[in-house]
Amino acid sequence: MCIAVLDSGGILKAFARMDDAWLGSVDVAIKKAKTACFFGMTSGQIGELSQPGGPLYGIEHSNDGLISFPGGIPVVDEDGVLIGAVGVSGSTVENDHQVAKAAVESIGVTDLPEHPWRT
Amino acid sequence: MCIAVLDSGGILKAFARMDDAWLGSVDVAIKKAKTACFFGMTSGQIGELSQPGGPLYGIEHSNDGLISFPGGIPVVDEDGVLIGAVGVSGSTVENDHQVAKAAVESIGVTDLPEHPWRT
Amino acid sequence: MCIAVLDSGGILKAFARMDDAWLGSVDVAIKKAKTACFFGMTSGQIGELSQPGGPLYGIEHSNDGLISFPGGIPVVDEDGVLIGAVGVSGSTVENDHQVAKAAVESIGVTDLPEHPWRT
Amino acid sequence: MCIAVLDSGGILKAFARMDDAWLGSVDVAIKKAKTACFFGMTSGQIGELSQPGGPLYGIEHSNDGLISFPGGIPVVDEDGVLIGAVGVSGSTVENDHQVAKAAVESIGVTDLPEHPWRT
């Protein structure tokens, strides 16, 4: 499993790779976090919107590549400000999401207010 | 919301990002405009052609990445010449398209003539 | 001449290109600002450190490309916090630097405190 | 020898590779032409300015890579408008430059007026 922590500008703040984790998960974890940070929602929510026929179909081609399955979650402070994101990759996507959720909840909250929210 | 204006060569001419817009919308707005400029149609029209099973499925992988949902519109002058494109990202794709349309109509027209059209 | 304004995360906030400016200056202006933002000093200062034999020789290969000649300046607020950067390209490097300096001084200050400084 | 012809937006218009030319020259020829187009001067002139200690040291890192040795020449029409560029690679740089010069002179002129010039 790989865990990436990004700041509010989408830049890497911390990263850890467990022994024997897939090498390909390094980039996937970072891109999941970037996806969550860049659009203020979980990577899985982007994935729901980017299915064939969906309103954001193909958005993964932007920003040097997004990852749109679960495992990336924004980190929001108590004032509703997006302060970063966590991305996890290397297990099932359900596990990845749970690990990211646990990480985020130890720092802040995971949901942006409906409106307004701030970066 | 982010608004990008490109010239007829697909190169950035002007850009503005509203406060608290998604960071990921910077690149999406630019790529929507590029998509419209490079193929002489709206980014949404490319999206209709690039669905699974469609004739242009996967075209987003070309030209360092395209964005194929609405919000990118070509700018055409009164002689039918493609002179640039506008791309908008950051709200619903319907809103993005309307804002791009308003911008383009203030400069020129949005539809290329059937044949011939010129760049 | 092209003028790019980035936020503290190095992401584009605003951009303008004058008519007949070199097309190549679009990217140079953005990368000068990115260089200033990413390292908290002017792009020219990075250039002094990255000459052959210098301590940062070759740093331009990092971060998807830096530009290390004058024209990129960090924007610092009165508390010594780096809040963004301005990059200018399209004239002599001396002119580029002067224009960037004028832009930055209208927003904040251009020098980070020796220690500590914060992003 | 490889010969690339770009339009005024820096986009490929024509290309030919002689049998047995170096494969690496494909990209070099295109980038020489892009360099000439993007900055309105020969690729060799950029090279003089981008030496260590020079005012544009390191500019090759911009625009997804420039090539700054001779062989790229802008194409200018009789009104002083930059209409494209030719890039040649695969022989000595002197030969590359001569071939590009012959190509450009068959289309237009190679020198931009001092001021003003237009794209």
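Note that the chains take the letters A, B, C and D in the order they are written out, and that residue 1 is the start of every chain.
What we mean here is this: a residue touches a chain if its C-beta (ideal position, glycine included) is under 8 Å from a C-beta of that chain, and two chains touch if they have at least 3 such contacts.
According to UniProt, the chain labels map to these proteins: A, B, C, D = Glycolate utilization protein.
On a predicted model such as this, the values are computed, not experimentally measured, just so you know.
A.B. asks: Going through B-D, B-C or C-D one by one, find the pair whose contacts repeat those of A-B for over half of the pairs by residue number.
C.D. replies: Going through B-D, B-C or C-D one by one, only C-D repeats the A-B interface.
A.B. asks: For subunit A (Glycolate utilization protein) and subunit C (Glycolate utilization protein), let me know how many angstrom lie between their CA-based centres, rounded off.
C.D. replies: Measuring from centre to centre gives 29 Å for this pair.
A.B. asks: Could you check subunit A (Glycolate utilization protein) for residues that touch two or more other chains and list them?
C.D. replies: Answer for subunit A (Glycolate utilization protein), listing residues that touch two or more other chains: 9-10.
A.B. asks: Building nodes from the protein chains and edges from chain pairs that touch, which of line, ring, star, complete or other describes the result?
C.D. replies: Shape of the chain contacts: other, as it matches none of the listed patterns.
A.B. asks: Going by the touch definition at the top, which pairs of chains touch each other?
C.D. replies: Pairs satisfying the touch definition: A-B, A-C, B-C, B-D, C-D.
A.B. asks: Write out the stretch or stretches of subunit D (Glycolate utilization protein) touching subunit B (Glycolate utilization protein) in their complex.
C.D. replies: Contacts found on subunit D (Glycolate utilization protein): 7-11.
A.B. asks: Given the complex with subunit C (Glycolate utilization protein), which residues does subunit D (Glycolate utilization protein) contribute to the contact?
C.D. replies: Going through subunit D (Glycolate utilization protein), the ones touching subunit C (Glycolate utilization protein) are 9-10, 35, 37-40, 52-53, 55-59, 61-64, 66, 116-119.
A.B. asks: Can you list the residues on subunit C (Glycolate utilization protein) that touch subunit B (Glycolate utilization protein) in the complex?
C.D. replies: Listed in rising order, the residues are 9, 11-17, 23, 26.
A.B. asks: Taking the touch rule as given, give the residues of subunit C (Glycolate utilization protein) at its contact with subunit D (Glycolate utilization protein) in the complex, in rising order.
C.D. replies: Checking each residue of subunit C (Glycolate utilization protein) against subunit D (Glycolate utilization protein) gives 19-25, 27-28, 31, 47, 50-52, 60-61, 65-69, 92-93.
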